[in-house]
Structure formats: structure tokens, C-alpha cells
Amino acid sequence: MTTTLSAALPLTGRPLLVPYVTGGITADWTELLLACQDGGADAIEVGLPFSDPMLDGPTIQEASDRALARGATVESILADLAATPLRVPVVVMTYANIVLRIGLPALAAAGVSGLIVPDLPLEESAATEAAAAAAGIDLVLLAAPSTPDDRLREICARSRGFVYAISVMGTTGERARLADSAATLAARLKAVTDLPVLIGFGVSTPAQAVEAGRAGDGAVIASVLMRRVLDGATANELAADVAAYRTALDLGVSPGTPHAEISGHRG
Amino acid sequence: MTTTLSAALPLTGRPLLVPYVTGGITADWTELLLACQDGGADAIEVGLPFSDPMLDGPTIQEASDRALARGATVESILADLAATPLRVPVVVMTYANIVLRIGLPALAAAGVSGLIVPDLPLEESAATEAAAAAAGIDLVLLAAPSTPDDRLREICARSRGFVYAISVMGTTGERARLADSAATLAARLKAVTDLPVLIGFGVSTPAQAVEAGRAGDGAVIASVLMRRVLDGATANELAADVAAYRTALDLGVSPGTPHAEISGHRG
Amino acid sequence: MTVVMREPTTDGRFGEYGGRYVPESLIPACLALEEAFREAWADPGFRQELDGYRRTYAGRPTALTAARNLSAELGITLLLKREDLAHTGSHKINNVLGQALLARRMGKTRLIAETGAGQHGVATATAAALFGLRATVYMGERDIERQALNVFRMHLLGAEVVPVTSGSRTLKDATNEAMRNWVSAVGDTHFCLGSVAGPHPYPWMVREFQRVIGEEARGQVAGELSTGVPDVVVACVGGGSNAAGTFAGFVDTTARLVGVEAAGGAAVSGGEPGVLHGSRSLVLQDRHGQVAEAQSIAAGLDYPGVGPEHAQLGGLGRATYVTVTDDEVLVAVRRLAEREGIICALESAHAVAWVLRAAGTVELPAGSTVLLTLSGRGDKDMGQLMEGLR
Amino acid sequence: MTVVMREPTTDGRFGEYGGRYVPESLIPACLALEEAFREAWADPGFRQELDGYRRTYAGRPTALTAARNLSAELGITLLLKREDLAHTGSHKINNVLGQALLARRMGKTRLIAETGAGQHGVATATAAALFGLRATVYMGERDIERQALNVFRMHLLGAEVVPVTSGSRTLKDATNEAMRNWVSAVGDTHFCLGSVAGPHPYPWMVREFQRVIGEEARGQVAGELSTGVPDVVVACVGGGSNAAGTFAGFVDTTARLVGVEAAGGAAVSGGEPGVLHGSRSLVLQDRHGQVAEAQSIAAGLDYPGVGPEHAQLGGLGRATYVTVTDDEVLVAVRRLAEREGIICALESAHAVAWVLRAAGTVELPAGSTVLLTLSGRGDKDMGQLMEGLR
């Protein structure tokens, strides 16, 4: 659990897979983390639910609401995390209000390796970058299709662990295809950084993940997995789902491959 | 039916009784006229119903509505009137809009002797006075408690047949007692005219009629009779009602006399 | 040419129309009111006080808005006089402030009013609250239903609202009932009549109190149009007060004056001479002289009579009166809202509807300049519009 | 003393509050907006155009009304700045006209907005209609229920109203949803934010667009009071735009500035520092950092955040923030209606309620002079008032 992101996400040419799980979404949600690990995740993104998830689409909103309604708190989620023996690093994703309230040391104490704060752009992130560095946590910065070159460079310079490429101008949420903007942004990022470039927001099928792995260095898979969990998928089923992405990424199955062949949705 | 008002309403000291009937209020409404005559009326006021009886209270409004709803028209009412053999003169009461529309000759042709138009004050009545005179109809003018002395004199000078003393500042409608303003106005009128002064608006019991007969020269009895008709009284019952007023007026029963003894409401 | 829109004759006539057809009981009150109005209107102190309330309370002057989008679409220049921006939401407040000040000056402690759309009732309740007078508003039961919002506003303002159940249960009958109450309460009560109808001096007095619309507009329009005056001046006509107030500012110009009546309440366009509510004018009535029940989607135009001065102006040809249907009105409300961002009252939309129909025809040729008085805002009508636009 | 209510720092801070806590995706839009606003605001042509629309369309300047009856009863001098008379019924139009003109200048073809009471949504729909832009308004499902009138008005104006079903289903969640849409539509869409909240430059820009309230009032009050400035300036605070606009006109005077929050939505009085909707400010939240659901009878104040500049003003003590309860608000609506003939919005009644409570106490001693901004009219609230005042 003390793995640093940088160590866990080597750029070996093998695309990286980072599944996402909303903290506290179910009573045994840490089983989902283990399932992701078993399915072949290189790291796991854990969402700390926030009442006002401004950048999240309906699925992650619902997942957050479900967690909060269950009585999950940031504290309880971090305690759960600390108690979960994971080999792969955990990257927390949450909003600025939560981060400012709990502070970076609490995250470090729970064994968190990285942090993504979608409403903390360059202008607002300096203090958190410093606190993260002090706490030994990689603050992952996000880049968007709308980000101009100079900002892109600065984002890459200041980001730690990897750079999060927001695939599309929009919120999180499943999409029928990977937006063209994803590849364009990934290419622009790769041109200016040696950090891994992970593409997230709406990567919804293994085929799309393969695309993301080709354009960048891997994918964050979020809404599509949480939809499955919200619809009742078990940890085993989730592990199978994740494994399908893993397999697709490893084989580099072409994006043209029919969904059924590579889908983890078998059960 | 060609009796003039002046001839029919002599000032002999015997108080005059003028019951009111809404034209067309029932199918056999002319029976009500005969009943009034039988009950001892000196003249009968016949209301030509108008859609907007601005000076009428709820009872006469309802009577007018009933007549119009029955399909009574001014024409049909006048035709009914012309066909009814009455000894006592008929004074039509209606609003200016009706008078302007039908014209005085039509009233004369129906055998009408007098006309009362509550919304035709001195300022507006000249043309109608002339037309009435030409048609041989007495245009009865109204005086109100609010009328100042000079107007009162002019009203008396221009009124024909009798002067109508509005007992109270208000609309037609039954009242528990005769307003003090009735006696005051009657006295002011008697001081400036030799015409009979009939008190109307809300004279509701024989005792009140006696009061009116003392203060002036008699009473117009309207709403209380129409209430009886609206409530289903027959012509015979109406005749008895009118007779009770007649008796009271003739005997000069004191206003203090309990209502029951002189009331016509026995059935 | 007859000089029009000045003071009526001493017996309150505008040509053959007008007069004072009220019960003798009310004559002293009408005379006293006339005298008080004459005196106040000649008193700079009164005018100044009224002007003060108009400015600091009622939000005058109201704006003149160039309806640029509609103008472009219609090929005309359309200017809107924005009475919808006046306090309480319509031009009615102009008249009511005048009458309430007058009532106070006369020592009256109570106002009564008739109301159709409820705008005049709300304005009366408002002025009563402001000047510490009691207020009773008569309103037809049917109008109470369709203008529930305004009924509640009157209650909130502390006024009593009396439902009128006689006749058509609309404005006409509310007016009867107000008159009846006035007869019985004339000592302490001023009848705050809401339009240029009723016995002398009301048609004249109300027009004078509403003249501010036309006078403001005249000055504002002069700043907008190179011609100084518009080709056409248009306003909706129920009793006719917003139209009279508007026309008064332009009657001495070359502007064509157009009054728009509801097709179902078109007294000038479809009425005959008659006497209603204290004056001789044009009245919708049957051949027996029974007053007809008007039918309009706009409660404030649902009236079978019209102010006598409009009968005169129509007779002389100085103003033209036209009608529009309920359906045209609904379309007009929506079009004005979508194009100019203004939701006007159903009453006011009658004027808009005529412009929409007439623009580009001989009635209103392309290139015309038009001043249109938007007499009120549409908030009160939302319930009805939800039904009507469904 | 810190100079306040000027331009924020380059990173959009008012002291320790403010900033630009938005997703990277929105940063270019925020920067472009800031630049466009800076440039437009420095451009006399833009100011003149905005001023033109304010005068000829929105009905500015709005009146200043001396509330004589209440003043006498309370033993103070109470002056009301009448934003209820502005087109669409509240101060929201001031800001929206500015932003819509800016959006057009930036080549945007669509406006989106969040709304609570619906007043900002109506204002946005109105400006969109006026300038030929499309409009989508996000509104919490709960607010849609209690402000049905305004929903219909938006539809009539041609806007799309999107019900927001997440969270508390009120303004906070509508704002989230508007932000989400903005991220996905930022190319052609301007987010027309309705209060002095959100990321830089919104708090500053909206205050500047609302400054007209305070500047007009400053001049008007000077004509009414021998002291030139009032002792106290008071306004209700939801996000805080009408208060900010009002305060801006008096911040350099001796006037005490009082912001009145809803007891159930009192971010300044009861919140803690936090980040919500793009800026750091005071936020009602639990100890875990979850934002609380506000509870107010006034949909426009039912918001757990507040503009960052208010957090600064409160922290510095330059303005005082107080709270009133729903019950006090209902009493205030009625009292203002009955005494002054003005039916104000539930939001605005918060300011009135505080004056009613404070007058004659040390908070507002007898003899004080008070300027109160009536931010809007009450028409939209009639349904709720019918319930609440029963």
C-alpha cells in the first residue's frame, strides 16, 4: 500500500488500467477494490463522495448519493481503505471542499498514493500540491481538450504520478464512443511530458479502453463500472469486467472488434 | 286604464298604496296586478326588467332575472299589460336604457299612465319629460335624502303625477324599519309641493307603510311583495298581503302595533 | 373639425355621449366630486403631490421600448409604452392614485371599486393601503375564478373583495354592485371607478388622470422618431382608459388613433347607443335594450360598454376601433414574449394582435411607425394562459 | 482599513475568499469571460448600450419610495429601493442584461442559467428572447413546484426549463447541473450565473452589473435625507447579488451595511469556509464537508453558499449579517402590503422583517434612517403565500 504512483505506473508500453470505485457505494465496497486488483488494475481510483459533484454525470452522482445515503463518510471510507490490503496504489478522487476539510495527512494515513481534485485547477492547486508533496502523495492534475498549449505544459510540469486527460468536454458518464478529442489531447500531452497520460471520462468499453491505451498510456474506467455496481453486480462480476478491459488492453484488440468478444459483461 | 295618475291619486287624506310587480315575473303575472287592485291598490307600479338594475337590491334583481330568464321581454310585458283590464293606473318603473329604446308612445299604447326612471335625474330627463307629456304619460321624478333644497323644489316642479321619495340612501330591498330619512325627506317635499309624496324603497311592513302614510301621502310596496311571489305566493295570497297594507293605512294603525296583527303574511 | 379630448360640456357630454345617468341619490356626490376634481386639477399643489407619488411610488415615467425584433419581422417601427412596468402591473395605478388623493382631500375614508381583471382592484387596494383608507372591491364571481392571483393580492393588501353573483358575473355586474354600495355609503365612501366610463365627471377625470401615458409617450416618441410623431397610436379598449390616456397625448397630431376591442366585447365596433353605468355611450345590447354579456378571454375587456368619449371619437372618425379574437390574442402574447421578452396582459395583447395582423396591409403599411400602449403585465394571466396555450 | 468592493485580486480573491475552483475544462471559458468583461466594462460603447437597455427596456432607474406609514409606526425613516418595479420583477434583470450583451459580444448563441425562485431564470429567458439567443434554465424540482408561475413564464419566453432532481432539488443542485452543462457546451454557450457566486470573474462581474442599484439609490437617497447617506443600508442575501449591488453604492460612506439571510440558509451567519460552485466562501456544511441543504420559504434564498465578497465583508466587519425566520418573513410581507401597498417577494421580505424586528432596539435605534432594497415583487409567491398565510 505504500507503492508510489510513479513506481506502480511504469511506462513499459503496456497500457495502464485504472478502474474507479466510489468509496462506500456498498457495505462491502472494499471487496470491489480487491476485485479491481484481481481483474488486473494497475492502480485504483477511489471516489470520496461529495454532495455537489459538479463534474460528474448521472452515474457517479448516483453512486455518490448512494454512498452518502448509506451513511458513508469520508472518515469511514478512509478507515475502510486503511484496512484493505491492496498491492496496487490507490488514487483518491474528490472535490476541493472535501480535500480542504480533511487535509492531505489524513489521506496519507489511509495509505493513499495519489489525489485527483477536478475543481482544483492550476490557479488554485499550489497549496494542495505542497501539502501533497509533504504528505508523500502525488497530486495528479487534469488536462482538458480546451486547455491551451502553455497551460498543458504547466499542467504536465506540475502533475505528479500521471496526467489525467479528460477525454471530452463534458462530465463523467458512459458514452457510445471515445471522443476524437481524447486522442488529440493525449497526443498533445505526450508531446510535452514523460509522465503517463491516462485518459478518463466516459471510457465505456474495452474497445474504447484500447483506443485510449493507444492514444495515451491507458484509461480510467469509471461510470461503466459503477453502473454495473449500482445495478447489483457482485465483486466477482466486477473483477471479470475489469479483467476484460485488462485483456483487451494487453492484447491491443483493435477498436473495431465487436463489443461482445471482449466485454466483461457476461453474467 | 286611461286614468291619469293625477286623477287616480287624489290627496284626500287617505294614504295612498302603490304595490309593485315585476313585469313577467311569472307566466300569469298579470293576475298579480289584478290581485293588487283587489287588495286595494291606488295605482300599481310595474317594473320592466332590465339586465342591469343599478338601483335595485337583491329581491328586485332576482325578480328581474326571473322574468328575463322566463323569456319575458319589454314587448311581451307591454302586450300583457295592454290586455289586462285594470281600473287603477299603471306606473312603469324601468331604467333609462329601456326607455330610450322603446320610447314613450309604446308605453302609452299599452295604457301606461306614469313612468319612473331611477337613473334619469333632472339633468338627463328633459327630453323624456317632453316625450312623456306628448304621450300623455306622467313622468314621476324621484327625490333622495341627499337631495338639496333647490333641487328638491325643481324636482317637485317638474315631476308629474306624484313625487317619489326615496326613503333611504340605498337600493330597493326589505328593511327592518323605515329609515328616519324617509320622514325627513317627505316633510321637506310636502313643504314645497302639492303633489302626492309617495315613499318607496324598503317599505316592508304595514306598520312601516302607516309611517310612510303619515310622513308623506302613501307608500310604494315592492321588494317585500316580490319576495313573496319569488317564494311562491299565489295571486290570492298577494291580494291578501296588499289588503293588509290597505287596512293598516286606512286605519292608520300606529307604527307601534305589533307586526303580527297587521301583517298580511298569514299563509 | 370638432375639437375633441378637451373638457366635456357642463352636463358631461362628449358630443352626444356621456352625461350623468345616475339615481338622484348620487347626484350630490357626483357634483361634489366634479367640483373637487376641478378644483384639485387646477391646484398646482395637488398636481405636484400626484406627480410625486407617480414618480417615487408608481415608477413613472414608464419606459418606452423599441420592439426591434418584431419591428424587423413586421417591416414597421413598433414602440411600446410600458405601463406593464408601473407599480401593481398596469396603467390602472395612474388613475387610482389620482382618485385616492382626491378622496382623501374630500375627507372620504373608504374606497370602493369594481374590477374585471383585478388590476383596478389591486391598484385600488394598493392606494387604500398607502393612504390609510379602507377598500372594498366588487368582482364578478367568474373573474374571481380566472384572476385568483389578483384576488389574493387584494386580500394581502387589506382590501375586502366582494364576489358578485348576479348577471354575467363579470365586470358589468361588479360595476352595478359597486354603484349600489356607493348609493348606500356615499357619505364616507368614494367610488374609485376604474375606467373612462360612469357618470360625469368620471370619463373626463379618469382620462385626465391617464393622460400621463400619452404625454410621456409623446415626449419619448419624439426622441425616437425623426417624424416626431408616430403614424399610428394603438391601445386596447375595455372601458377605454389606457386608450384614452394614450390618445390624449396624440389627438392634436396627425397620428391615426386605433382602439382595439375584444371581438366578444366590442361596444364601439358592434354596440348601439344606450345608457349603462351612468353614461350614454355605445353598448352591446339586444333589440329589447337588455345589455349583452360580453365574452373575452381578457377579464378587463369583458365589458359590453365603453367610455363615452370613445363613442364620440369613433363617431367622428378621429379614432378607429377594430376587434381581435381570443385566438389572435393568445398568439400575440406568445409572440411578444418570444421576440421581445415581454409577457403582457391579455388585455394589452389585443393591441399587439392587431398590429401583428395589420402590419403590411393597407391598415398598417410597411414602414409605418407605431406607438402601442402595453397597458399591463401578464403575471395575473398565467393560469389562464396555461390553459389557453395548451 | 482594507479597501473593499473594488476589483478582486488577479486570481479573483476578495481577501481569503473567491478564486476559480472549476474543472480545467472551464478555465479557458472563465479566462475568456474575464477578458471580455474587462474589455467591455472599460468600453464606453458597451456601457452605453447596457445603459440604454436598462432605461428603455428594464425600466431603470427604479423608484425610491419613502415608506411613510411604516416609518411613522417604527419611529425610523425607511426608504425603499424598488427593484420590484424592474422588468421581470426583480433586480436579476440588471445582471442578466449585462451578461447577455457580453455573451452576444463574445459570439455565444445560447445562455444557460441556474435558478431558485425562478426570477433569474425568467430574466435570463427574457434577455435571451430580446437578443435572439437560445436559453436553457436549470431549476430544482422542488422549486419548480413552488414557483410554477415562473416556470410557465420561462416557457412562454421560449426557454427550455430543465428540472433538476439531484440532491436537495433546489438552487444548489440547479447550479451543479448548469455547471455540468456548461462544461459540455462551452463553445457556443455562456453560463449566465445569477448571483455574486461562482468562479472568478462572476462574483466581481455580477456585483458590477448590480452596482446600478446602489449607485442610483445613493443619488436618490441624497435627495431625501438631510444627512445625505442613510444610517443603515439593508438587503436580503441569497447568493448576495442585490445586497452586493446595493452595498457597492454605500461602501465608501458611514452607512452600516446589513445583509439579511434566511435562518435556514445563513451561510455568512452560520457557515464555514469551503469551496462550492467555483469559489471559496462560507458554506453551510457538515463536519465531513458535505454541503448542507438550506431550508427557506424563499426559493431564492434557499442556498447554502454565499458570494465570496460577503464572506470578506462579514469577516472584516464592514457588513453585518443577520437572519430572520420564515414566520417573520410572512408577517413582513403582509405588513408591507397593508401599510405601503407593496407586495414584495419572499426574498425581499427578509430585509423588511429584520427592520420590523430591529427598529427601536440597539440594532436600529429610533430615528435611524434606513435604505432597504426591495429586490423583487411578490407575484411569483402568491401560491406559497396563500398556503403560508392561511
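Lettered A, B, C and D in written order, each chain numbered from 1.
Quick note on the criterion: a contact is a pair of C-beta atoms (placed from the backbone, for glycine too) under 8 Å apart; a residue touches a chain by one contact, two chains touch by 3 or more.
Chain-to-protein mapping (UniProt): A, B = Tryptophan synthase alpha chain; C, D = Tryptophan synthase beta chain.
Since the structure is predicted, the reported quantities are computational estimates derived from the model, not experimental observations.
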| item | value |
| --- | --- |
| Set of chains adjacent to chain C and to chain D | none |
| Shortest contact path, chain A to chain C, counted in steps | 2 |
| Distance between chain centroids, defined by C-alpha means - chain B, chain C (Å) | 38 |
| Averaged-CA centre spacing for the pair chain D and chain B, given as whole angstrom | 66 |
| Separation of chain A from chain B, taking each centre as the mean of its C-alpha atoms, in whole Å | 96 |
| Contacts with two or more other chains, residues of chain B listed in rising order | none |
| Multi-chain contact sites of chain C, meaning residues that touch two or more partners | none |
| Graph class of chain-chain contacts, one of line, ring, star, complete, other | line |
| Listing of all chain pairs that touch each other, if any do | A-D, B-C, C-D |
| Chain B partner contacts - residues on chain C that touch it in the complex | 11, 19-29, 166-167, 172-173, 176, 179-180, 183-184, 186-187, 273-278, 283, 285, 288-291 |
| Chain C to chain D touching residues, read off their complex | 55-59, 62-66, 69, 82, 85-89, 125-130, 132, 149, 152-153, 156-158, 333-334, 337-343, 378-380, 382, 385-386, 389 |
| For the chain B and chain C complex, residues of the former touching the latter | 50-57, 61, 65, 68, 73-75, 95-98, 100-102, 118-124, 141-148, 151, 155, 166, 168-171 |
